[in-house]
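Below is a structure I'd like to ask you about.
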Amino acid sequence: MDFSLTAEHEMTQKMVRDFAQKEVAPIIREWDRKQEMAPEILPRMAELGILGICLPVRYGGQGMDFISLGLACEELEAVDSTLRVTMSVHVGLSSLTLLQWGTEAQKEEFLIPLAKGEKIGCGAFSEPGVGSDVANIQTTAKLDGSDYVLNGEKMWISLASKADYALLTARTDFEPERPTDALSCFIVDLKSKGVSTGDIKGKLGVRAGSTGWISLQDVRVPKESLVGEAGEGFKITMSGFDSGRYTVAAGATGLIRACVEASVAYANERKTFGRSIADYQLVQAKIARMAQDYEIARLLYLKVGWLKNQAVRNTLETSMAKQFATDASFAAASDAIAVHGGYGYSDEYPVERYLRNSRGAMIYEGTNEIHSLIQAGYALGTRKDRPLRREMPAYEEDLWHSN
Amino acid sequence: MVIVYIDHFDGRAVPASWEALNVGRGLAEELGSEIKAVVLGSDVEGIAQEAKDYGAGEVFLADLKVLEHFRPEVYTEAVTQIVQEQGAEIVLFPTTGRARELAGMLAIDLDTGVTPDVVAVELEGSVVVATRPIYAGKLLTKEVNQARRPQILTTRSRSFQPPEKGTGGEGVITRLELELSEPATEVQGYKESNRGTSLSDAAIIVSGGRGTSNNPSLKPPPEITDEKEQEIWRAHQGFELIGELAKVLGAAVGASRAAVDAGFIPYANQVGQTGKVVSPDLYIACGISGAIQHLAGMRTSKTIVAINKDPDAPIYKLARFGVVGDLFEIVPALTEALREKLDKA
Amino acid sequence: MNIVVCVKQTTDTAATLSVVDGEASYGDAALVLNPWDEYAVEQALLTKEAEGGKVTALCLGPDSAEDALKQALAMGCDEAVLILDAVFESADTLVVSRALAAGIEKLDPPELVFFGKSAVDSDTGVMGPQVARRLGWPSLNLVAAIPELDASAKTITVERLLEEGRQIVSGRLPAVVSVVKEINEPRYPSFMGIRKASKAEIPRWSAADVGLSGQIQPALSWPEILAPEKSEAVCELIEGGDASEIARKLVDRLVEEKVI
């Protein structure tokens, strides 16, 4: 067993950190206040290859491994959650899902521009009335000649208004044997006729990001847009979550780290009753807790990254990492505000933004309550992994680096 | 013998040259040795005269066309010849871009060490124990050259007392006709000449940070639509206020790295670990929170005044006086108050 | 065009330094490619992109300095060489400049050698000029811009950032150019570069490999390292009803303390 990062990992970490700290950290407060995404961020992340970090070179990616993806997410969210959200939907939900389930033709047409960052992808699963209960999706896709015709509403979709493509789950079977057989996945060009999108304002957090809705009215997509087979939509969506949740876990770990760093800096700087507040044991207890949670969250996500590199199914481990890190990041941000006192409550300091940003990740990609159920299912033996028709490939030199 | 190189630009000696001369004079006295100066250039007799007035016992003057512009190769050749001829024990330079380079190259010619940017010297026998900052002043090191001669050092601006003018006078000026080779470089000219005081020589520095753009009540003109440009425009208004304050004080204008990186002000104004390291009598930091890299570049200032909105900004740890407030109100008020004071005086 | 960029590994500029057992200690701060050298690497790469050729990064340092070279490779340098030898352990600029000049002479003859203007740890700021002197090439120091470079005519024009403004100097190649921060904005390493760099086997040259033996004694020694005295300043907060009252109080205090 070897816990050390390779030189490759360390350089990746430093590169993404430098980008986030130098280019985003100085401007993030302003864009968070404006509730808009800074326009230069997606093009910069594309240019630097971050948007295609762990996709094979032959599909336009950078050929790094899954651990690198996690490390990048940690660094991004240590500056702002919205940067990591981009990775979750663009890399996790859309690109990696296409890598796992897409046909060669779909990879050629959609994955390559996504991995190069020329196009932006998102994952369109949730609906106004459907969140974690994916099997209940109401958006419909009906075969009409050589096209599917899509109708419905998608809600809480990160990058809805910025993305070019959506990996979208819709109902194709209206009398299924099992509810989960009802669904299919599509890769949809959001420029298609009948698609409209918009942003949701007034969110508690991730304000410098884009979260929105997608409305589909008689949208015709060729039947080659079907990802996987008809009826595989539930499994594909769940595979997408195995990728997306990993980025959420790694990102939340970065948020905890940001809380530790901000709290340590402030505790050393601030004096009350003539002493540095770092001398007070109740402040120390909070910092110790954050530091411990950071370490735990990091071990969890890095293990998932390692499992992914070996192509070992990791639904359980990913669920644990996601739930633990996001719960801990919320607690860490709350404690960081306590350490900062009144200043922590205003946006003079970043910790109030950390708190607002942390809360969403306990809801999306499966609420943390759902994650408890998943984990209990594995523990009680009521839930078991079954082999998938298409597994995510292992990180292997040949597949990832050859042209 | 102690030889001091007098650096100059545009017909005027750099003030730090006289500080170096004074250091040399002190060392020479202690060693019971002579203090001599070197002035190289074209049409620089006035500077040689000045060196004599400042106490050089002998001034070697090479007033030659080939030395019209500072070019390190030919200047090194000249200094090497003089130092070898004279057999100097110690050669001092002021720490300027030019003289530091020259000192380094001289050390190669004479196969000896070079100790740049010295802030203190003492003698142990004939050996100079120099103190110089490392890690941008986060630490200091003592540095000695035990065996090789000469000992070459450059002295940091404003770290040593300048001599009183007219304390010398007994000295002589010796004109040298040196045989020098034409170097492979040519000076085409100068631009963006900064005729004011340079940051390293300034007795007072007024610096601005990222906070200079932080005046939301300023509305940029409508033709500036780009957010970034608007921010820079706002920062320019902030630096204008800083400039006015600097003018009243006869100060140089500095900036934090954050302000330089954001494009508010050119790099030449940057104070800090990756900019200029300064130690003026008075340093007024406006809207600078005080990142460790910035503090490293100005911590040796004699008196630091911090003006910042954030009462917990680290800059207050170094500051003698602090004002918690908006620089857009405080700085103009300070300019006004100083004007009143100076008018009365 | 063959280009060499000389780099050093230093502590990160955010490091906190202290003196432990008479030695400088940077705790667990990261070691990085000297921040000034990033500009030198970038300028070398920009020059290669414009003129063709290859960039070799050259470093003298301990084992760990390989990471600084890897960073240079990840940014896009083609090759890297580490000069490493126990005899360099307490090297001063006299020794280091000698080793680097010897290293450069062992490489394919370059037209340009780039340096950062200084290293953020030892901060001597003389390495570029010293190596230039040893090689007998023009030293173009404190360069803030390179408005002209003609590889076929072997000429270069640079702007040197002096305290008083910019001096425009032209010279002949080969030359040594030491750059200041203003000259460019260093790129981040690419992922492709990172992968290449992490697999790279960096050749190591000993003192003997670069033809140095015998006379490599430093001239300088460092008998003591000290922490600067903590400033005794206790910040006196100037308060008042409005800005002009605060300003007048501040001016009065500055006059009382004979600051102005």
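Letters A, B and C mark the chains in the order given here, with residues in each chain numbered from 1 onward.
Note that a residue touches a chain if its C-beta (ideal position, glycine included) is under 8 Å from a C-beta of that chain, and two chains touch if they have at least 3 such contacts.
Owing to the predicted nature of the structure, the values given are computational and were not obtained by experimental measurement.
Asker: Going by the stated contact rule, which chains contact chain B and chain C alike?
Answerer: Touching chain B and chain C alike, sorted by label: A.
Asker: Among all chains, which one's averaged Cα position is nearest the averaged Cα position of every protein chain shown?
Answerer: Smallest centre-to-centre distance to the global C-alpha mean: chain C.
Asker: Determine which of the two chain pairs, A-C or A-B, is joined by the larger number of C-beta pairs in contact.
Answerer: Most C-beta pairs in contact, of the two: A-C.
Asker: Report the inter-centroid distance (CA atoms only) between chain B and chain C in whole Å.
Answerer: Inter-chain centre distance comes to 20 Å.
Asker: Averaging over Cα atoms per chain, report the distance between chain A and chain C in Å.
Answerer: 39
Asker: Taking each chain's centre as its mean C-alpha position, how far apart are chain A and chain B in Å?
Answerer: The mean C-alpha positions of chain A and chain B differ by 51 Å.
Asker: Where in chain A do residues touch at least two different other chains?
Answerer: none
Asker: Applying the document's contact rule, which stretches of chain C touch chain B when the two form their complex?
Answerer: 11, 13-19, 24, 35-36, 92-94, 97, 120-127, 129-130, 132-134, 138-142, 144, 157, 159-172, 180-182, 218-228, 231, 233, 235-239, 242-244, 246-248, 250-251, 253-255, 257, 259-260
Asker: Help me check something: in the complex, which residues belonging to chain B touch chain A?
Answerer: 210, 258, 261-262, 310, 312, 314
Asker: Residue numbers of chain A touching chain C in their complex, please.
Answerer: Per the touch definition, chain A meets chain C at residues 6-8, 11-12, 14-15, 18-19, 48-49, 53, 62-64, 68, 401.
Asker: Using the touch definition from the top, list the residues of chain C that touch chain A in their complex.
Answerer: Interface residues on chain C, with respect to chain A: 67, 70-71, 74, 188-192, 194-195, 197-198.
Asker: Write out the stretch or stretches of chain B touching chain C in their complex.
Answerer: For this pair, the touching residues of chain B are 9-10, 14, 69-73, 76, 96-98, 100-101, 103-105, 107-109, 111-117, 129, 131, 133-148, 183-195, 198-201, 204, 249, 266-268, 270, 273-275, 281-282, 292-293, 296, 299-300, 302-306, 316-326, 329-330, 332-334, 336-338, 340-341.
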